[in-house]
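What follows is subunit A paired twice: with subunit B in the first complex and subunit C in the second.
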Partner chain A sequence: MALPPNLSQAEFNRALNEFENVVGADWVFSSDADVALYRDSYSPFWGEAEERIASAAVAPDSVEEVQEIVRIANRYRIPLYPISTGRNLTYGGAAPTLSGSVVLDLKRMNRILEVNDERNYALVEPGVSYFDLYNYITERGLNVMLDIPDPGWGSPMGNSLDHGVGYTMGPYRDHFGSHIGLEIVSAEGELIRTGAGAIPGSDAWQDFHYGAGPSIDGLFAQSNFGIVTKMGVKLMPMPETYMTVTVTVPRYQDFQAMITEVNYLEDSMLVGMPTYGSPVGGGLFDPAPLTELMQNGWPTTEQLEDFVSAQNKHAWSVSFQLYGPEEIVRATWVAIQRRFSEKIPGSAFEEDVFYNLPIPAEDIPALPDKARLGIPNLEIFHIVNRNPMNDNDPPDGHADMFTMTPRTAEGVHTASKVLAEAYQEFGFAPATHPFTTPITFYSRAFVVAVLIPTWRDPAKNAVSRALYEKCLDKIAEQGMGTYRTNPAFQEHAISKYSFNDNALLKYQEKLKDSIDPNGIISPGRYGIWPAHMRNNRG
Partner chain B sequence: MSKITVFCLLLVSLITNAQAQELSPAEASGKVVFNKWCEPCHGRVAGGVFGGLGANALPGTSALGVKYKGDLPPVLEDRLDLQPIYIRTVVRNGLYGMPITRKTEVSETDLDNIIAYLTRAR
Partner chain C sequence: MLDRRTTLKLGATSILASLVNLPGQSLANSSSKSANTHLLHSHVLFDSQYLESQSFAAAVKAKGTPITDINGNLSNLWYQQLRHQLLSDRKPLLGMTSRLDLFCLEELARDVGMKVHLRFDHLIHQNGRVEHQMNGSSFVELGSKAGFGKKMAELADLSLSHQTAEITVQKLTGPFTPSDKTALVTWVIS
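Right after this comes the complex of A and B.
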């Protein structure tokens, strides 16, 4: 069994007894078998000394119990690692950043405190899943739509706090950006509410997020400054209809003009999530067609135009999700076609699907894009599960490497090129190519995504880790970084945000020393260490 | 055969089938837990096509179809060979892309009931 740092077994046993007095013996997990349930199923260090292993887990049922646990942890200086549903797979799952931490498992705190479909918000506890919230809304016929990440078993709170993302209209896709009011147990056990929630008796906690004075909400995302126990979620009113439409443009060099127009439409709030693609280049899941073209290095623009012409297809596509009353959706589609025709000669247009909302329950199972309609599911697991493309050796997990680029063709091509170089340096077929397209999870930034497999095999994981770190290095050389990563890579990723001699991290650690003097909340998370553990860095 | 005899035989048949399909309390509880935690990946219903993969089946069902290639049913609820220790091991250890499931999600009682449901006599 792992122990918390600088604690004897006898002291730890006394602390566990105190935890049991708070939550009951059934909700303190300290046997080896029980603690193993808090391993990261997709760990890039599975079975190795560096794998992050908890010392125990404690599962409170109330805010008051969380406060008591924090006070005990302070007395013993035991690191706590709070998790919501513990399903932050690829980003660490339920495992702590620092081995020996006690996982604070908040899954039992799973109350949906309110869903309001007149002011369009929800107020939830950490253990609520997207499935839970969706079922609550549909069973009551409430007139709101969720914006969800792919796996429906995740927590709206946990996903938001890790800067998770979704698939509908721009403001809702940024899940932390669309939170509205937090309740926090501080590192010293005090209860804090933010925004209008700080006014006793306020009915506007989920309406007004600033309050007055400095907003501290951002301190509790991807951090280790406190434990969030309630969060408001802004919800989109259920649109009357949903339509998807696709625009294609003919030439390789049309990409920047297409992006400029999509940025106009997105930033004008006229369209939901734009989905870029390339009719000649395959998508995220099928990079193979361009391998031959890239055999002699990155092709020239002329070679790429010839490649497009030879296939007699258009070079780029973008699909839009349109939400709203049918009159507006159809008028928007007319305007989209007019604007693209004016700006990019040869643009072509296709209407894809049209649904009246909400979708009848009997029609939901066969829907191809449930997440874009706010319907939680697990169908993303087709990618990493055994499938016809990886029948012989399916991976055990994956480490997502999401490069954040500016919303330009040059940004996308540069990231794609250096990521391809990283793969080729390791002898792998490149996962990106000249027709790689960005994902628009965030409405104001692009993501160029590669999924690096992880295994329950140390030799294979060593290669995956080296490739992941090489990708981080290569994108940083281009002034780019990632937004979220597994604890195994958090220090490496944060080291790239080094402007002015790491001034940002130094400031965060000053806050850490003040807010959490005993360093008990998630030490090391995103590279932030408490003073007495700062020699753990690296 | 008289009409009464036919009626009685039909009645006996219906009762026998109903008894065969009736779930014990543990099995019924197990089905509820299965539907919440297992069905979204391993269910029988059609799934949407995702990136051209797993057409018309949910991911776990699709993966088992690829793995067993017809030797075993891809839908877990159709399997007659599942052993309690195997179900317990996969739920608590994960397997390939399927992650570990903790006791705060599926309790030991819930897991016992899932096992009762999937291994019931049929």
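Right after this comes the complex of A and C.
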């Protein structure tokens, strides 16, 4: 069993006893078998010395218990690693960033404090899962819809605080961006509320985001500056209808014109999540048979146009999710067709599905793509389970890398090209190609995705780690980076945010030293180490 | 039975052999009436999408134990039924399911303080060959043996009365399987 850094077994046992005095012996987990439950199922270091392993886990039931645990941790200088549901697979799951940390498992703090379907928000504790919130809303017939990640077994708080994303309208897909109000236990055990919540007796905590003075909410996402114990979540009013439509454009070189038009539509808030695709290029889990085309390096535009012509299909597609009253949804679709027809000759249009909302309960099981309707599910595992990349030697997990690119065709192609080069340098078939399309998890932003396999086999993991780091290096050469990553790669990813001699990280470290002088909250998360660990980097 | 000492004594192969040797019921015969009652006091899951899981379920049901069909909808089953039941009655959870469903259950079970204590992996090839693996030991091919589902139900009694706390049995695999095989798992979560 790992021990917290610089702590003897005897000291740790005393600390565990103190934790038990706070939460009860049933909620302190220190046996090897219990602590093993907090291993990262997708760890790129599985079974190796570098695998991040907790020393114990503690599960409090209240804010007061969290505060007391923090005070104990400060006395012993025990690093804590807060989790809500701990199922953020590909990004570390329930495992701490620093081995020997005590996982602060907030699953018992699972109260839904309020859901208001007139002002359209929810107020939740950390242990509330998307399934819990969905069931709460459904059972009470509340007129709101969730925006969820996929799979949906995580928590609104945990997902938001790791900059997680969803699938509906722009303001809601950015889960941290659509939070409204936080309650935090500081590293010294103080209780803080942000925004209007800092006014005693305020009833506007989940209405007004900022309040007066600097907003500190951003300090608590992808960071280690405090422990969030309550969070407000903006909710979308349940739309009256939902329609998906698809536009295709014929030529390879129409991609930029398509992007420009999609940007207009989304930035005008006329459409939900655009989903780019390529009828000739396949998708993320169905890479196109482009081996021959790419055997002599990245094809020229002329070669790509010839390829498209030979397939007798359009080069690019984009699907839109439209939400709202039927008359508006249908009018939006008419406008989309007009605009594309004017701007890209040869555009084709298809209406896919139309639903009145909410979907009747008996129709939900058969519904494809539940995430776009805010219905949590675990079906994405089936999709990933059976993709062609896994056929011969299925991995045990994957470490996802999402390259942030400019919202341009050139940005997408550049990222795709250098990522393909990275794969080819390792002797792998490229996961990206000239018809790779961006994902629009965030509105006003593009990411290009690769899913690098992780294994129970150390030798294979060594190759995967090297590939991941090569990808980070190559995209950085293009001025690009990733927005989210597994703890195994966080230092490397953050090292690319090096403007002005790493001024951003230095500023964050100053904050860390002031806010958490004993360095007890998630040391090393996203590269932010407390002063006493900084030189050794944990 | 299937504690570490017994496993080492009997050998994984002999235990696995009982999956296919109908007369080789030394393990099953050693089960007592009290072992049968263990099964009656547990939740048993199966997946009707898989024939062997159906056989497993039928055998369990024949002993008078209620069974629950996941049928590809584990999330609803967990959040609307199982989680609350396990929190209140703390009964062991036993099942034969896909590897994917066990992966999900293992993650979800942490919420109720439960973990995998035993698992048999069964890899079914397209040509009917079946390989079995107990608790992460080497795979053993025991011929083409349809009907192992029924035999696993017979072993289930014993598995509930003796479980290993070895951490090596936990999180043995991720959720993914080769597209040319069916990966089923018989497991105990408690």
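In this section, the second predicted complex is superposed on the first by the 527 of 538 C-alpha atoms of A that agree within 3 Å, B and C clash if a C-alpha of one lies under 4 Å from a C-alpha of the other, contacts with A are read in each partner's own complex, and residues count from 1 in each chain.
The definition used in the following text is that a residue touches a chain if its C-beta (ideal position, glycine included) is under 8 Å from a C-beta of that chain, and two chains touch if they have at least 3 such contacts.
Quick caveat: nothing in here was measured; it's all calculated off a predicted structure.
Model built by superposing both complexes on subunit A: subunit B and subunit C clash.
With both structures placed on the common chain, the touch criterion links A:Y42 to subunit B and to subunit C. Residue contacts after overlaying the shared chain place A:M169 against neither subunit B nor subunit C.
Judged by the touch definition given at the top, the superposed model places A:R87 against both subunit B and subunit C.
Judged by the touch definition given at the top, the superposed model places A:K107 against both subunit B and subunit C.
In the superposition on chain A, A:I380 makes contact with subunit B only, while subunit C stays out of contact range. By the touch criterion defined above, A:D32 reaches subunit C but does not reach subunit B. By the touch criterion defined above, A:A366 lies against subunit B but remains apart from subunit C after alignment on the C-alpha atoms of chain A.
Greater residue coverage of subunit A by touch, when subunit B is weighed against subunit C, goes to B.
In the superposition on chain A, A:D393 contacts subunit C only, with no contact to subunit B. Common to the subunit B and subunit C interfaces on subunit A are residues 33-34, 36-39, 41-42, 85-87, 94, 107, 131, 152-153, 365, 377-378, 381-382, 384-386, 391, 394-397. Within the complex formed with subunit C, the subunit A residues making contact are 26, 31-34, 36-39, 41-42, 85-87, 94, 107, 129, 131-132, 135, 152-153, 365, 376-378, 381-382, 384-386, 390-397, 454, 456.
On the subunit A side of its complex with subunit B, the touching residues are 27, 29, 33-34, 36-39, 41-42, 57, 59, 85-87, 89, 93-94, 105, 107-108, 127, 131, 152-153, 283-286, 365-370, 377-389, 391, 394-397. Residues 36, 40-41, 45-54, 56, 58-60, 62-63, 66-67, 92, 94, 96-105 of subunit B are the ones touching subunit A in the complex. On the side of subunit C, the complex with subunit A involves touching residues 73-75, 79-80, 100, 103-104, 107-108, 110-111, 113, 115, 165-167, 170-180.
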